[in-house]
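Each of the next two complexes has chain A plus one more chain, namely chain B in the first and chain C in the second.
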Partner chain A sequence: MAQPRSGRLLFWCGRLVVVAVLGFMILPAVVVGIAAFNAKALLSFPPQQLSLRWFVNVFTYEDFQVGFRNGLLVTVAASSIALVTGAAFAFVLDRYTFNAKRVVEGLLLAPLVVPHFTVGLGFLILAAQIDMSRGYGVVILAHVVLVLPFVLRSVQISLSNLNPKLELAAASLGARPGRVLLTVTAPLLLPGLFSGWLFAAILSFNEFTASLFVTSQQTQTLPVAMYNYVREYADPTMAALSVLYIVATATLLAVANRYLGLGKVLNVEHTR
Partner chain B sequence: MSSIPVDAETKVGAAPDLAAAARAQDLAVRLDGVTKRFGNTVALNDAWLQVRRGEFLTLLGPSGCGKTTMLNLVAGFLFPDNGEVFIDGALVTDVPTYEREIGIVFQNYALFPHMTVASNVGYGLKARGVAQREIAERVTEILAMMKLAGLEDRKPGQLSGGQQQRVALARALVIRPKVLLLDEPFSALDKNLRSAMQIEVKEIQRKLGVTTIFVTHDQSEALSLSDRIAVVSEGKIRQIGTPQEIYRRPANRFIASFIGEVSVLRARLERIEKSEAVVQVGAASITVPAGPLAGQSPGITVDLFVRPEQLCLASGDVALEGQVATTVYQGDHVDLYIDAPAAASTRILMRLPSHDRVPGAGATIGLAIGGHDATAFPAVES
Partner chain C sequence: MKTQRRPFFGLFATPGVLVALLFAGAMVMVLQFSVRLQIPGSLDVGGFTFRNFTAMLHPLYARVFLDTLWLCVLTAVFSLVLGYPLAYALVRSRRVAVKSAILIITVTPLFLGEVVRTYSWVVVLGNNGFINSLLLDFQVIAQPLRILFTLTGVTIVLVHVTLPVVTIMLAAAIAHIDTAYEKAAESLGARPVRVFFTVTLPLSGPGIVAGLATAFAWTFSAFATPQLIGGGKVNMISNLVYQLGFGNFNFPFAASLSVAGLALTFASIAVLRLALRPLEKVGP
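Presenting the complex of A and B:
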């Protein structure tokens, strides 16, 4: 028996809404992606002629080259420092009970509620006091503070999914603490540590607001270089760079998914 | 239910004596006056325990009684506030777990999820620096013994519950531990598998002769597996003995009601003669151990603890008369719940073979108490 007309109408309207929402979500990326191939020095849509010249510009523009190198340096340094620090704190918070536990945890997570420009401004003022405002140190420190909460949470979740009996079992079998750490604890925490590092890296590489305060001409990261670029030019170089960003991130996540499972990397799966 | 012949010494308590000192080299594990506190809670209070070499000893008690704490002290996962721990005659109170040469099987097995069965089982040997080839040989040997051959390359997640348990046991046994610790290892298994595994574990334990300390709150498990049972409550060992001793000569009211099923009858103390006392229930005189009644004067009311299988139908000099409230068919036997307000404040449970003629609900019956296994304790006001 045929559905009543109102039912069919509702069904098709529902589909339309879903398609519209999904389309809307990727629309900006699609528009920018197409605009990147415009041959003219205009951010117009749709392009009249196609060209790869803006991609060439991305790779040859010196500030972007410097910004990319700086960004990579800051990202690797900051997320690695954050990983070690965050993992250590997560371990302490997971294994020990002490009076100020809540306070410590709260302080470590505080950057989540402090605006990035506040962190940037604060570090700028402090760095100026000790004449450090021109170096990489202050940039890296600011990034460490900003990404630490994400690393901390990620490792905390992995730790709480780790059965403490496993370490006891290993000890009972004659493994010294160092061996237990290397053969049991670390391998089981690895996906969590990696996901924490990856999140930190992506956040740090994209971080703009705080970086704007703490970077100089020599130490500016890619997002800051991009900002300075758009203040001067309004050509599709930005769009080309966006396409590269999207491709790079998607590749990274695909690789992570292939080798570790995205569920584990994003900590949405319980591994126990 | 057949009655069990009275045997050997009933050794209650485990305080050190001269005989124990002479047997010191036969002891695999010794706890000497061990106390352990967690904050303000005393988990173990001056506990003494001696485990003989090769025996299967069960720590039995309700949850929170301290039995797991005792196991953790032997394992070295915890360290006592007072007292000493010995394994194989050596003082290990401050020795870390990894130097104690123990094997342990946890409730959820705690297999390493990222390692294969073979790596799990070989872990302890590798930690000891055993040569690769010997590891392979010993792992193969123990896996064959545990009926796990062919599963070497599986991960724990790909195994059934019973297989995981066997891997855990193989992993603990392959290092030839001085003592095997079992921390409620059967409670995660379903009922059929559980009894099969219990028999298997018991057989392997006997074959290897490994000293085993088994922690459980399940009294039937304890009765069926153990060479000796230590009943633990409120941080102390209340009684230690063979399953028969614990079941037939419980040292106190708690043990009498915790292990097996029991009905409490009101009785009157007639007299005490050396190691035996005689109590009067209705027209019947029952002989019970004098120990629990020491110092009580004749004429006082005592509580007589009787097992369901000790009660039988009778006429003439009956211990008590009562009315059948309910009968419950159990296959090989029938449980009868009897109201006898004159003799007991709660319902009395008796057990009859199901092929006998069983009185129906509402019938008035006379009961006699057979055997020598009843125990009496001074009455408590209720």
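Presenting the complex of A and C:
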């Protein structure tokens, strides 16, 4: 049966719009990809000569090396703390009622709506007030606060999909609460725990605005180092680094999509 | 044997409560700095004052507030208009490959961070950038277009930064629409255009409101984009806060601007929700 003409028209217009929007989304990535291989220091399109010198520059520029190491340290620490704290608290929220439950949950989720520059300013002042030196501690704690909501939400979704009968079965067979948690609950929550941790880690590694406020020259993370580079130099080194970033992130997400189903994690899969 | 009524409660709740207290502490610091006097040349603060808030009424600052609000509104609207078709295609496409491609293209920028994304746009929009080179080569223009350091340029990049999250929120809303309603409308003879505008679009109302509110809040918290694309010509409150803190070491004023900004965002989102209330009450 032929579709009515209006339907076909809508269908093709829709397709055209979708392709155009996708083009807008990937345009900067493509352009940066071209710029990264340009031999000359001045940006020009199309490049006259190709070269890998900017990629070499990325790996030999000292601030990027230091930033990468600092970023890795902060990311590993912050995402691990956020994972343990967030998962444990999601469990408590799911199972128990207690005083100020909504208040604590609200405070933990608030960094989703409070601008990062405000959070950064707050931690900067807090660290100065309690005479904490501007070391890694304040950077890690600020990152924990910022990425925790993602772990919390991710584990909450997993917990609400959990079949309580499985835990009851284990308990009725005589398993102590600790054993139920370790052998039944935790394994069932693994996908939620992993995706929560992955999101937290990626977001922490890329966090910029709050980091700009709380890092010092010694503790600056990679995004802060990149920002400083862009302000000082105009050569395509940043383009080369951006390409590495884009490729690494897209690969990571494609793998996550293959094994975890990003659609399910992001809750955009058809449910009915 | 003593059975625990609430196994792990204390152990599991404590770290979360500590993190919540830490965040609350940081916010209280911002609040209390916002009503303190600045001591020039010192990071310590003086006594209680409301002067920081009255100083904001100066036209210079009022202008930044208005620009910020306007950019938030523009970004939210454009993100909605561009994000809806994308979200619709993401949810309703039948081909798994198409779905995955849209998902990866949409979600990747979300994780790249503001610096990489903004820098990429500098390369696209700059005077020697991609668009200007292209237009000059094809002799469409004689002089490079000035897009960097303009409101248009900042809006384009802000939309690019906000579009992914809006798309994801809209997609979640569209995914939860029961297709039976659409089929019912179709079987009663409604054309696809009519089905879309009278059934699908209204049913995704809650997603539209949530998407707009999120876009608004995200845009408000953008810093690297207005800083690098605006280049001092277009400023948002975030840039002003940084400038006052690290340029003038006036942390009390920076704090009061943050507080006023936060109040403004929450008020705007509340107004938005109120105005769009009819959209939120849909479905069975």
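Definition applied: the second predicted complex is superposed on the first by the 232 of 272 C-alpha atoms of A that agree within 3 Å, B and C clash if a C-alpha of one lies under 4 Å from a C-alpha of the other, contacts with A are read in each partner's own complex, and residues count from 1 in each chain.
Convention: contacts are C-beta pairs under 8 Å (C-beta built on N, C-alpha and C of every residue); 3 or more make two chains touch, one makes a residue touch a chain.
Owing to the predicted nature of the structure, the values given are computational and were not obtained by experimental measurement.
Look at A:Ala171 in the shared chain and tell me whether it touches chain B only, chain C only, both, or neither; answer first, second, both or neither.
The first partner, chain B, only.
Considering only the touch criterion stated at the top, classify A:Asn163 as touching first (chain B), second (chain C), both, or neither.
First partner only.
Check the contacts made with chain A and report whether chain B or chain C touches more of its residues.
Looking at chain B versus chain C, the one contacting more residues of chain A is C.
For A:Leu72, using the defined touch cut-off, is the partner it touches chain B, chain C, both, or neither? Pick first, second, both or neither.
In the superposed model, A:Leu72 contacts neither chain B nor chain C.
Is A:Ala41 touching anything from chain B or chain C once the two structures are fitted on A? First, second, both or neither.
Touch partners of A:Ala41: none, neither chain B nor chain C.
Scan A:Arg179 for contacts with chain B and chain C and give back first, second, both or neither.
It touches chain B, and chain C stays clear.
Applying the touch criterion given at the start, work out whether A:Pro187 contacts chain B, chain C, both or neither, answering first, second, both or neither.
After superposition on chain A, A:Pro187 lies in contact with chain B alone.
By the touch definition at the top of the document, which applies to A:Leu107: first (chain B), second (chain C), both, or neither?
second
In the superposed view, which residues of chain A touch chain B and also chain C?
Correct list for chain A: 177, 271-272.
Report the residues of chain A in contact with chain B in the complex, numbered from low to high.
Going through chain A, the ones touching chain B are 163, 165-166, 168-177, 179, 183-184, 187-188, 271-272.
Using the touch rule from the top, collect the residues of chain C that touch chain A in their complex.
Against chain A, chain C makes touches at 4, 6-9, 11-13, 15-27, 29-30, 33, 43, 82-83, 85-91, 99-100, 102-109, 111-117, 119-124, 126, 128-130, 133-134, 137, 160, 163-164, 168, 171-172, 175-180, 191-193, 196, 217, 220-221, 223-224, 228, 238, 241-242, 245, 251, 254-255, 258, 261-262, 265.
Help me check something: in the complex, which residues belonging to chain A touch chain C?
Against chain C, chain A makes touches at 3-4, 6-7, 10-11, 14-15, 17-18, 21-22, 24-29, 31-32, 34-35, 42-46, 81, 84-86, 88-89, 91-92, 95-96, 98, 103-104, 107-108, 110-111, 113-119, 121-126, 128-129, 141-142, 144-145, 148, 177-178, 181, 202-203, 206-209, 212-213, 223, 226-227, 230-231, 238-239, 241-242, 245-246, 249-250, 253-254, 257, 262-263, 266-272.
Can you list the residues on chain B that touch chain A in the complex?
Touching chain A from chain B are residues 75-77, 96-104, 106, 108, 110-114, 123-124, 127-128, 171-172, 175, 181.
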